[in-house]
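Note that chain A is present in both complexes that follow, paired respectively with chain B and with chain C.
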Partner chain A sequence: MASPYDAIVVGGGHNGLVCAAYLARAGRRVLVLERRAVLGGAAVSEEVFPGFTFSVCSYVVSLLRPWILRDLELSRHGLRILPLDCSFSPLPDGRSLARWGDPERTRREIAAFSPADAEVYPEYGRTMMQMGRMVKPLIDAEAPRPTSLHPAHLLEILGHGRRLNALPRHLRTRFLQMMTMSAADFLDLWFESDVLKAPMSVSGIIGTYQGVRSPGTAYVLLHHYMGEIDGAFRAWGFAQGGTGAVSLAIAAAAREAGCEIRTEAAVERVVVRGGTARGVVLSDGEELHARAVVSGVDPRLTFLGLVGAEHLPDDLCSRMRRFKLRGSSGKVNLALDHLPEFTSRPGIGPHMRGDVAIAPSIDYLERAFDDAKYGEPSRRPYINMVIPSLSDPTVAPPGKHVMSCFVQYAPYHVNGGPQTWPERREAFGDTVLETLEEHMPGLTAAVLHRQVLTPWDLEQEFGLSEGNIFHGELSLDQLAFLRPAPGWAHYRTPLAGLWMCASGTHPGGGLMGAPGALAARAMLAEGSL
Partner chain B sequence: MPVESPLHSRTAPLCTSYRWKEWAGRYAVCSYQTSAESEYLALRHACGLLDVSPLFKYEIRGPDAAALLSWVWTRDVTRLAEGSVAYGCWCDERGKVVDDGTVCRLGPDRYRMTAAEPTFRWLARQARGFDAEVTDESASVAALALQGPSSRAVLTELCGEETAGLGFFRAAHARSGSLELEVTRTGYTGDLGYELWISADRAVELWDAVVAAGRDHGLVPAGLDALDITRIEAGFLLAGVDYVGARDALIPSLTSSPFELDLGWAVHLERGPFVGRDALVREAREGSPETLVGLVADWEAIEEVHERYGLPPSLPTQAWREPVPVYADGRQVGRATSGTWSPTLKQNLALATVDTARAAVGTRLELEATVAFERHTVPVTVVERPFFDPPRKKGRAGADEGEGS
Partner chain C sequence: MSGSARERFDCVVIGSGINGLAAATVLARAERRVLVCEAGERLGGTAAAEEFHPGYRTVGVHHDAALLRPIVTRALDLEHHGLSLRPNPAPTVLAGEGGARLVLHADVDRTREGIAAHSKADAERYGAWRRSLDRYRPLVERLLDAAPSDPFDASPSEWGALARTGLSLRLLGSRDMTELLRILPMSLFDWLGEWFQTDLLAAGLGASGLEGTWMGPRSAGSVFTWFAHELSRGPEAVGGPAAVARALLSAARSAGVFLCTDAEVRRVEVDGGAVRGVELADGANIACEAVAAACGPRRALLDLLPPTALSPEEADAAASIRCRAGIAKLDVALAGPLELAGADGPPVERLCTAESLDTLERAFDALKYRRPAERPWLDVRVPSHADPSLAPPGHHVLSILVHNAPAEVEGGWDEARRAELATRALDGLGVHAPTLAERVVATRCTTPDQLARRHRLDGGHLHQAERSIDQALFLRPDADCGRYATPVAGLFLCGSGSHPGGPASGACGLLGARALLASRQG
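Showing the complex of A and B:
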C-alpha cells in the first residue's frame, strides 16, 4: 500500500520542525508527530499561570542559524527577536558588574575590578571571534568524516585544517589550549578578576555535568562567540511571545509548505520490517507509514526506546547506554506581582533587561559543582536569570513580570535516585528563591506562581533522557563526527529509512536549527526520498 | 544655533548619550542611550515616546480653509471629513514636490497642516484671495508621538478608552486631567501609534502624564535615530533626504514629481485648478522618467563580499542617508537615498529612485557597497513598500493586536 507520506518526523521540537519545513519546501509530503499538546519541545511558550507566558525551558535565542531564519522566512512568519544588551552579575558584597553592548561602558565597569582586565577584554573578544570564525563552518555543515577517503570528504577536512593553519601562530596555540583546558584555566590565561571570569566561565558548563575547573570545558566558550560572529544579526535575544515563538514560526513555515502537524500524537515505536524503518505506531495503536522516519528526539530515546536494541548493532546500543546525558540543570519560572530591585544596583534599570548571572566567583561555581558531584543539588547554585517581560509586554499583564531562572546544578542522578526528584522539587525551588533573595530582597513575597522543573520533570514531560537539555553533553568526545556515535554522525542510522535530526546530532544542542536543516539536506541529497 | 524644544527640560536629563542634532531649528535627541537599539525595540515591541515638536505646524482657519488647502495640496482637501487626517504633498507650478506632510481637519473650518520645511510664507502667498487665515503654530504647539504596539494601552490610561479607540488617520479632542489636547492616530513609524498635540506651555505636563501612564507598558523615550529606522521599514520618505524639495533644488534635475515619489495616489487631478496641476496632468499622461522604490539587498552576497576579505559582514547600526549609486547592466540607473538594516525583518533595506523602466517589483539591480575601502556592488531586488506593515497599524481596538503573518 502506498503511504501518503514521504517522511514522518517524530517530535515537534524546533529541530524536527526545521527538518520538516525543509523537506516540505522541497516538495516532500511530511507529517510531524508531537507527543505534547504544544509544539516546540524545549523551545516552547506556555501560559502556565493565567496572563503569564513562560518560556518554559529554553529562554534565550543565541545560535539560531541566520541562514535558516532567511531560508524559512521566519520574520515573515512572525518571529521577532529582541536583542539583549547586558549581562549583569550582582555580588554578595554589594558590588556588581554589568557588561554592555557599549564597549566603553563595559570597560569602565570591568576597570572597577581590574584595569588590566578591562584592557584585555576586547582583545579576548577579538581572539575568540577569530577562532570562532574558523570553527563556524563546522556548525553550518555536516560533520567532517575523518576516516573517509572519499576525495570530497578529504577536501572538506583539508579545508578545516587550512583554516586552522591560516590562523597566526599564537592563535593556533590558543586554539589547541582551548580544546583541552578547563574554562577557568583558559580564562586565567587572560584575566585576573574572579568577578569577571566567573560569569564568563559558565558558558563552558551549561548543560554539562562538569565544573568550570573540569578539563575540556573551555572549548564550549567558543560557541558563545560563534553567536557573536552573527552578532550583527542580533540574534541573541528574547523571542517576542517567549521562546516558543521560534518553534511556532518554523511550524508556520512548514505548514505553508504543505507539512501536516499533529499534536498529542505520541510515537510508541518505530515500525521495522526487513531491517528498514517503515513507519511508526502511536500510543493509541494507530500505525502510520512513510518512506522515511526522522527522529527528532534524543539518540538514546530513538535507538533504545523507539527502535529497540534487537534491531540495532550491539556497539551502537552500548555506546547509547554510555552516551553522556546525565542532566544537571533545572528551571524555575516565576510569575511576579511586581519587580523587586537588586541590592547591589538599585532601580529597575537596563541592567535587568539582559541576562543576570548569579556567579560571583569561580570558587562559588566549583562549589556548586562539588555538591552535584556527590549527588546533591547545589546548595548555592549558578543561576542564569532573565526577565523578558521588561522588554516584551506581551508575556505578562501590565506592571507584572515573568522571571525565568536556569539553574545548575540539579543532577539527574541525585542521591536516592532520579525518581526521588518529585519529593525534592519544592526544596529545589526554595533553594533557588533563597539564593536570589540574597541579591533581590522581597522576591519571594512578589511571587504569584512558581513552576519548578527538575531534570526528572524534563525527562518525564519533555522527553529529554536523563533531563539533558542538549540531548547529550556538548563535550568534545560527543561532538562533530562523534555525535551521537562514530559512524553515525551524519543523520543516518544503521536502519535504512531511519534518520535523526535533533540536538543529539551534529552540531548539537541549543536553539540552532542546524541539525534539523542539515538532516533534511542529507536526506534530500541521498535521493531515496 | 538651534533653540530648545518646549520639552527640553524633560528630554535633556534623559539624554545621557549627549547625542543631539538640529531639527527644524530645534535641538532634537538622536538617541537617549549610546545605541538607539533599545529605543527602536520599544517602538516595535512596546512603545516609544518622541518629542516631535520641531515639526512645522500651521493652523488654517476660515470659510475658505479647505479651498485654500486644496489649491495648495495635490489632494482634494475639501473631501476631508471633520476629525480626519490626510497625508500628502504640495508642488510648485512645474508640478515638482515642494514638501510633504499631513493635514488634519480639527473643526468645520479649522485645519492643522504639518511640514518639514518652513511653509508659512508659501501658504500666506497662496492664501491671497481666499477667506482663510494662516497662523504659524510651530512654536506655540508642541507635539508628542506615542508609537508602538502598547501605545493604545498607554493612551487608554491617559485619555480613556474612547480616545484610544480612535481609527487610523482619525483625530479627536481629548482631555487628560486638566490638560486639553488633540490626538491623531498618525505617526512616522508605520505602526500602531498616535500623535498628541498640545499648547507648548503645557507640553511638559503632558510628557509627565504620558510617562506615568506608560510605566507599566514598557514606554521608553525614543530619539530620531530609532525613528529613522522605523520610518524606512515603513517605506516613508524624508524630505531633503529621499527627495529634494523644489524650492531647495538648484537645478531642475534634482527635483521630483509626486508620481516619481510614488505619491500618485495622493494626486487628485479630476477637479478644479491647483498649484502644479497642468504639469501633473501632462506627466500623468506621458509618464514619469523616475520612480521611487523599495530595495532589499541579498544577504548572501553581502556576506560573500566580506568573506573575500576574511571579514564578518558588518551591518550599519544606524540608518544611513548618503546617496549611493544603483546600477543595472553596468550602467547607473538611479540612487539609493536612505537605508537601514531592519532588525525586525532581518534585511538590508533601502529607498531608491530609479529609472521607471527598472521600477517593477521583482526587478534585480545592483547597489554600490564599500568593503575594506574598496567599491563593490551587491544585488538588490525591488520589493513592495511598506517593507514592514503590521495589521495593528490600521487595526481596531480589541482586534488582534498582533502582526499576523
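Showing the complex of A and C:
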C-alpha cells in the first residue's frame, strides 16, 4: 500500500518538530502527531489562567544550537530571545549576591564575600569556555563509537583525542577531572566562598537525581557556557511569549516546508510487520502508514509503550526497564497580583529580571538532596525562579506578573509510591511558597493563581516517563554512545524503519534541538527515505 | 640518628609503611645504599603491630591483608621471608536487621546456597555476576600492576604499554568492553541494584568499595573504586598486615637497607631543582640524590619541600589533592570469642554490619556535615583466631573499622566524643552479639584526627589521598606526580597516595622505586 508519508514523527516536542522541519526541507513528506492540544512538549507556553501565559515547563533558553536557529530561520518565524542579564541569590542572613553581564559589576559583588574569588571568577569563565570548545563538536555530531573498528570511526575518536591533546596540560587535567568530579569538589578547586559556589553548583544538578556533592555533576557545569561560546545570542534568555514560542517558530518553519502537523492525535502504538515499523495506530483507531516512524518521545515510552517488548530483543527491553529516569524536579507557576520585593535587596530592580536561585549554601543544596534520596520532597528545596513578565509584558495583564519556579527535589519515587503525588501536590506547592516567603515576604498574599506540577504530573500530562525532564538522566553511563542503550545510540533502533529523535538520544535533554536535527541528518544520510 | 649523620646515601625513603619498605628493598637490591627514615617509634607504618592493652595486640591499624599484590610478593620473595598466604580467606558474615544473616564464602556455590534463602533470583544472578567480574579481572590487574601512562603525554617507550592496555580492553569483546565503560562511572547503588534485590547482599558486597573514598553508595564512580579494591584481592597473608610488614622488614634487612625509627624528615633539601638531601627533625643532615617519599603526597610536596621548589601551578595542584578521612579504628580486647546470636558453626573471623545500602548512605551523610555517623556500620575482624598469640589464652581481639567519622567534628574531637563513638559502635555490634558487652575487657578508639597525628597521615586519611576516578591512574595523586616522579628531580612519591594507591598493596612502593631506578637520579 502506498503511503502518503515518508515519515511520521510521534510527538510534537521541539525535537520532533526540528526533525520534521529538516526532513520536510529535504523534500520529504512528513506528518507530526502530537497528543496534546498544544505543540511544544516540555517547551510550551499556555495561558493557564486568563491573561497569564506560563512557560509551563522549560523556562529559559540557553542551549538551543545556533546552527539550528539559522538553518530553520527561526527569527523570521517569529522567535525573539530576550536576554537575562543577572543571576541573583538572596541569603537568609539578609545579604545577597548578584552576578551580572558586566564583569566589573560582578567582581565588586563577589569581592564583598571573597576578594580572592572575585579575582578568580573571570579566569574560571575563560577556562570553562576553553573546555567547552572541546565538547562542542561532540554535541553537534553523532556520538563517537569507541568499540567500532571502522577507520572513519577510529579517526573520529582520534580527532576528539587530538583536540583534548591540543589543550594546555593543566587545562587537560582539569577537563579530565571535571568529567567525573562532583560540582562542589570542582568548584572547591577555584573558589572559597560558599555563597558563590552554591548558586554556581546547581547547574550540575538540574534534572538529575544527584546532589551537588555527587561525583559526575561537575561536567554538566560546562553546558552552562555552551551558549556563550557560540556568541549567537546571550547565554541565557527568555523567548518572547514564553518558551513555547521556540516550538511554534520551529513548527512554522516545518509547515512552510510542507510538513503536516496534527494535534490531539495520540499515538497508541507503532505498527510493526516483519520486523519493520510501517506506521502508527492512533488512540481513536485510525491507522497511518509511512516508510519511517520517528519517535519524539522518551526511549522507555517508545520501546516498551508504543512498540512493545514482543517486537524487540530482550537485552534492549531489560535495559529500557532499568534505564535511569527517576525524575526529581517539579514546577510551580504563579500568577501574581503584584510583585513583592526581596528583603535582602529591596526594590523591583534589574536583579529580578534575571534568574533567582534559592541556593544559599552547598550544605543547603545537599540537604535538599538527602531528603529526596530517602524518598521525600526536600523540606527546603533548591528553587530557580524567573519573573518573565518583567521583561516580556505579553505574558501577564498590565501591572500583574507571572513567576516561574523550578524546584528540586521532588522525587518521582516518593515514599508511598508515585501515585500518591496528587495527595502531596498542594503540600509541595506550600513548601515552595514558604521557602520563597522567607526571602520575599508577602509573596503568598500576592498569589492570584498557582499551578503546581509534580513529577507525576509531568508524566501524566506531558508523557515524560517518571517525570524525567531530560528523557533520561544525563549520567556518564547514559550519555553519548550509551544513550539510550549501547548499540542503539545513533537514532536507529532494532526495527527497520523506526528511528528516535528526542532528548533520550545523544546529545541529550534540554531545549537544544540537536537530537532532532542529528536524527534527521542520519535518516537522510541512510538513503532509505 | 647519631653516628650516621654525616653519612651519604643514594636514596632516602621517607616512611616505613608497607610501601616504603617495598620501595627500599627494590632500591637496595639494585645496589643502592638506602636509608629508611621512620618518624614513629615502630617500623611498619599503619601495618605495624601494637599492644593496645596489656596482653592484647593489634595486627596493625588496618586489618585486611588480602590486598597485597602478588607482583610484590614475588618480586621481593616475601614467602622466603616468612610470609605465608592462604588462598581462601575466612568467610565474611553479613549481619542484617532482625537477625538476618548471609555468609560470603570464597566458594561461589556455597555462597549461592546462602543467598537462595533470601532470594532465589539473587542466588541465580550471583554466579553470573562473579563470572562477569572474572572477565574484567585481567584488565584491572594489568592496570594495577603497571605504572600508569598518561595517554595524552606518553613517551614512545610507553606506547607499547598503552597499546597492550588498549588491546586487553578490546579483547574483552565489544559487548563486555561497552559494559565495562558503562558501569565504571556508575554508583554502587545503581549497579548492584541492577543485579540484586536483597539489600543485605548488595550492601555487604558493595561496602568495601567505599573504603578510602569520600563517597556513599549512591555516589557515581563508586563502582570504579570498588573494582580497584575488590579485583585487587588475592591470597590473604596469615597474621594480617603486621605479618606482611615483618616479611618486608626481613627482605629489606637482607637487601642491606638501613632502617631508623624516631627519625622524622623535616625537610627535603633542594638545590637547582634537584634533591640534595634531607634534614631530620633533630637537625641531622643526610646527603642523598634521591628521595622516595612513602608518606602522604601533600606532606611530601607541601610540607617537606622548600616553598620555592614547586611552581605556583604545581603547588596549587598539590594543595588540591583531596584526603578527607572517614574512618575511625576501634580495637577491642575480649574475654572470649565474638559470638553471634543463634549462630553455630565455625567462629566468626569477619563480619560486616552494613544491613542495607541506606545504612552505608546515611553513614556517609553524617560525614558531609562533619559529624560521626549516628549508626555507624562496622567492618569487623577477629584476627586472634588465626593468630592466638595476639591475646591471652581464650581471649580475643577485635579489629573494627568504624564508618564513618570525619577528621574534624564541630567542637573538635575529645575523649567524651570518642567514647560516644565507641559506644555507638559497640551497641551496634551488640545487637548481633548479645554476649559482647559482658566480654569487653578494654577498648581503644582512634579517630581520624589521632591517626593523622600518630601515623602522620595527611588529613587522617588511610590511603594518603581519597580514592576516586579523578584521583586515579596517572592523575594520582595529581597530574604533575602521576607517574611517581615529581617536578623536583630526584623526588619520587611511592606511598599509597600514588598509583595503584588505596589498600596496602605494596605496589605503589614497588612501581615507584622502579620509576626512580629508571630515571637519571636512579
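Here is the rule we go by: the second predicted complex is superposed on the first by the 526 of 529 C-alpha atoms of A that agree within 3 Å, B and C clash if a C-alpha of one lies under 4 Å from a C-alpha of the other, contacts with A are read in each partner's own complex, and residues count from 1 in each chain.
One rule holds for everything that comes next: a contact is a pair of C-beta atoms (placed from the backbone, for glycine too) under 8 Å apart; a residue touches a chain by one contact, two chains touch by 3 or more.
Everything quoted here is computed from the prediction, not taken from an experiment.
Asker: By the touch definition at the top of the document, which applies to A:P215: first (chain B), second (chain C), both, or neither?
Answerer: second
Asker: Contacts for A:R353 in the overlay, against chain B (first) and chain C (second): which applies, first, second, both or neither?
Answerer: In the superposition, A:R353 contacts chain B only.
Asker: For A:S75 in the superposed arrangement: first (chain B), second (chain C), both or neither?
Answerer: first
Asker: Thinking of the overlay built on chain A, is A:T173 touched by chain B (first), by chain C (second), by both, or by neither?
Answerer: A:T173: touches chain C, not chain B.
Asker: Does the superposition put A:N165 against chain B (first), chain C (second), both, or neither?
Answerer: The second partner, chain C, only.
Asker: Touching A:K373 in the superposition: chain B (first), chain C (second), both, neither?
Answerer: second
Asker: Pick one for A:R269: touches chain B only (first), chain C only (second), both, or neither.
Answerer: After superposition on chain A, A:R269 lies in contact with neither partner.
Asker: Touching A:T147 in the superposition: chain B (first), chain C (second), both, neither?
Answerer: Second partner only, chain C.
Asker: In their shared complex, at which residues does chain C touch chain A?
Answerer: 151-153, 174, 177-179, 181-183, 185-186, 190, 194, 215, 218-222, 313, 317, 320, 322, 358, 361, 365, 368-369, 468-470, 475, 478-479
Asker: Okay, in this complex, where on chain B does chain A touch?
Answerer: Per the touch definition, chain B meets chain A at residues 33-35, 37-38, 41, 44-46, 149-150, 153, 215-218, 299, 310, 312-315, 341, 343-347, 402-405.
Asker: For the complex, which residues does chain A have touching chain C?
Answerer: Result: residues 146-147, 161, 164-165, 169-170, 172-173, 176-182, 185, 188-189, 210, 213-216, 322, 324, 363, 366, 370, 373-374, 475-477, 481-482, 486-487 of chain A touch chain C.
Asker: If we count contacts the way the header does, which residues on chain A are in touch with chain B in the complex?
Answerer: 66, 69-70, 75-78, 80, 82-83, 85, 101-102, 104-105, 129, 133, 229, 231-234, 240, 249, 252, 350, 353, 390-394, 398-399
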